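To keep things simple, chains are lettered A, B and C as they appear, and every chain counts its residues starting from 1.
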C-alpha cells in the first residue's frame, strides 16, 4: 500500500496539478492577506533597523563590505538569508516583488523565498520585471533594463573577492583598508599564463569607483556590465558571512582585466534561444527529451530569464497571428 | 480588511521613511519629500538663538532620525552651534522614545543639528577608520528650504543667504545642482573637511521645513 | 494582482513537503509524544538546545519530533524560533560555583574537596546492546523506579557546596592570570554575537559564545586534533560539573538579584601548562622578569543541558586559542590554534546550510564555467598543436628523407 502512495506522490512532483494548499496560498496573495502571527516582514523592528543602518553606510561606501548582525531565519544559511534580510528590511505594503533564481521565477528556491515574503508581508508579487519595485535575485540580473524606481537585491554566497588569494578575513580586511590588491592582480596574471585567459567564470571581481574591489556574486560575466552606471540601486546581502554591500546608481564598475587580455563575456551571438529566438540574452543549455520514445533527444539553448523569454515568445506569437490574419 | 493599528502605522512609517533616506543617499541631490511623523502633535522644542525663543524641532528630521535609533546606537544633538547636554529636554525626549544612548561627539553614531549651522561641531564627529569606515557618524541638518537649481542664483537669493551646490559622484549621472536656504556657508567647508581621505567621512542629510530631504554621502563632491 | 503560477515549481515544493510528512508517519506506529522525547531522549534534547542556543526543553523535544531526530535540523528550528522571540532582559552572570551538581569530577587530584561525585554517567558501562530495552513497558519502568525509590532514605543531608577545584589551584598560586586585555573585556559588557557581526581578532567573550553554540561533532574534531599533536594542548581535566544553576535578573526597581528559574548545564575547566617565557624575550627582559614561574592556563567549556563531550571539547579549544594568542605555541600550531578558522567553521547551522546549498540550481554559473573551460581547452589544444608542430619540424629537418612527405 505504502509503495503505491509513494509512487503517486512522486508522480505529482513532476506534474502541474493544483494542490489545495497552493490554491489557498494564491487566494491569500490575491486578498493581500498575511499571517498575522508574525511581525510585518517577519524580522523584528530592531533587526530591520540594524540592516537599514548598515545598508545606508554601504551606499555611502560603494563596494565596501559592511558587517551586520545577520539573524537566524527559517531558511538555511547559504540559501539566501542575506538577500532575504535586505528585502525584508526594505519592503513596504505598496511594493511589488519579483524573486528569481537562475533567472527563473519558478525555480524551487525562488518559490520558497517568495512564500516566506508572501506569508509575512501580504504584498503583491509579479513575474514581470518591468512591474516590480523590488527584485531579489540569485545569480542573475534580469535582461530588461532596470529603472530608477526599482531596487535590485542580489544574494551573495561568498562576499570577499580577496578570498581567491587570502582566506583569512582579518588579513583580507586590512588589504581592503589599504587598497592593497596586488595579490589579486598576480592571481589574474597567473591564470592568464596557465590557461590563456582569465579563468574566473563568475563572481567576477571588479573595482568600484576606483577604490574597493568587489565580488559581483555568481552572476555570469554577461551581467557584470549591467552594474556599471546603472539607473537602479543594487544591494547585496550575504547572510551566512554577515555582510551587506551596495552599488549606488551611476557608479563606475570596472572588471579586472589586462590591456592585452580585456574582460570578455560568455556571449556568443551565433546561439539562439530555442523558444523565443533571442541571441542577445544569457542562454543556458537544456536537454530536451525526444517527443518519440525511440528518439535521442538533444541539447538546446534557452533564455535563463524565463519571464522575459515568455514575453518575447508571446509577442512573437501575436506577430505571427497578426501577419496571418 | 481591518484598518491598520497604531503599531502597524508606525512600522509602515519607519519603512517608508527609510526608503526615502536610502533613495536620498543613493541619489545625492535628488530631492524627496518625507512623510510627516506620527507624533506631530507632541513635537519637542529647542531654544533658538536666531528666533530668541523656543521653537519646534523640525519634525520631519526628528522623525527620520528616530526611525534609525535604538539601544544599539548613540546620538548627539546640537543647536545654535552648541552640543546639548544629556539632561536637556530634547535629549531626554529622544532617549525615552528610542532607547538610544546619549553619545559623545567623538563617538556618536548619529548627530542632529537643529539648524543649518554646526559652527564646526561637525568636524568633531567620528569619520570611521580605514578598516571600519562604516563606523563614521551620520549627521542631519535642519535647513529652511531645499530646491533644485536650474541656473545661477539671483542677486536676491544670494543676499538672502541661499547657497547653490553642484554635486558630482556616485549616484549622480553627470552633475546635479540644488539650492539651499538656511545652511551656513561655512558648513560646506566643514562637510568637505570631514570627507577628505576617502573612505573616511561623515555622511550628511539635509531636511527642510517642508520635509524635503537631500542626502550627501561622503562620496559626493560638493562645489559651492 | 497576485502571484501568477507559471509552472510546477510551487506545486513541486508543496508536494515535497507533503512527502516528508508522509515518510514520518507512514509506518503507522504509535506517534511519539513530545514528553517521551523530552524524558527518554534527554541527551538529544540537550544537544538541540545547546546548538540551537535556546534553553527550551519542550520546544527542543518538539523540534526533534518534527525533524525526525535530525540533530542539526532540530537545532536549526530552535535558532530560527529564537529570532522571533523578543529579548526582554539580560540575566546576571551565572555562577557555576552555585551549581546543584548531579555530577562533579576532576582528574587533576585523586581527592578533591567534597569528593568526586560520579552521578549519572555511562563512562564505566560496558558498551553492550541491551535487548531487554525492546520489551520495556510502563510496568517495567515503574517497577524499576520503585526499586530506586526504596533506596532513598528519609535522612536529608544538608546541600553540599562544592568549591571549584581551580579556585584551590588559584589559592596555591599555580593558576595563571588571564591577560590584561581579557580582564578589561571581562569588566565590560560581553560581545553579543547575535547583535554584532564577528570581526577578528575576536574578544574572548565572542569566542566562548560561538563555541557554546557550536556543533559538537566539529568541536570534537578540533579538540581531538589538538591533543593528538596538531597543537600544544596537554590538558588535564580540572573539573567537570553537570547540574542545575540558578538564573537571576536584576529587579527593575530595587536592582536586587531575583531568581527566575534554573537551568541544567555542563561546565568544564581544562588546565594545561603555559609557556612562561616569550621566545623573543631578550636576556635583559628575562632577568628583569625574575625567576621562572610556570603556571597552568585555563580553558573554559560550557553548554546547555548535559553534554560532556561538548563542554570538554570547548574547554580544550578555548585553552588552545588562548595559548596561541598569548604566548605563541611551540610545536605545530595546527588548525585549532587558528581562531578565525575555528570560529568561522564551528557553527553547525551555518556549515550545514552552506554545504547543503550546493543542491540549489547552479546552472547559470555552470554555463559560465563551461565557457571558460572551453576557452582553456582551446588554449591548451593550440599550445599542444604548436609544440607538436615545432617538434615535427625539428624532426623533419634532421631526417628529411623519412619525414619530408609527412603532412605537418
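Brief remarks follow.
Rule of thumb we're sticking to: contacts are C-beta pairs under 8 Å (C-beta built on N, C-alpha and C of every residue); 3 or more make two chains touch, one makes a residue touch a chain.
Note that this is a predicted model, so its numbers are computed, not measured.
Among the remaining chains, the Cα-based centre furthest from that of chain B is the centre of C. Taking the mean of each chain's C-alpha atoms, the chain whose centre lies closest to the overall C-alpha mean is A. Spacing of chain A relative to chain B, judged by their CA centroids, is 33 angstrom. Between chain B and chain C the centroid-to-centroid distance comes to 45 Å (mean Cα coordinates, whole Å). Across the assembly, chain A contributes residues 32, 39, 50, 67, 173 that each touch 2 or more other chains. Residues of chain B found to touch two or more other chains are 72.
Looking at chain C, residues 195 sit in touch with two or more other chains.
By the touch criterion stated above, chain B contacts chain A in their complex at residues 1, 8, 11-12, 14-16, 18-19, 21-23, 25-27, 67-68, 70, 72-73, 109, 129-131, 133-134, 136, 138, 170-173, 198-199, 201, 203, 217-219. If you check the complex, the residues on chain C that touch chain A are 1-16, 18-19, 22, 26, 76, 79-80, 82-84, 86, 193-201, 340, 344, 349-350, 352-357, 360-365, 367-372, 375-376, 378-380, 382-383. Taken in their complex, chain A has these residues touching chain C: 2, 5-6, 9-10, 12-19, 21-22, 25-26, 29-30, 32, 38-39, 42-44, 47, 50, 67-74, 76-79, 81, 101-112, 114-115, 118, 124-127, 138-140, 157, 168-170, 173, 195-197, 199-203, 218-222, 240, 242-243, 266, 282-285, 304, 306-307, 310. For chain A in complex with chain B, the touching residues are 32-33, 39-40, 45-46, 48-50, 52-62, 64, 66-67, 89-93, 148, 173-174, 177-178, 209, 211-212, 229, 233, 246, 248-252.
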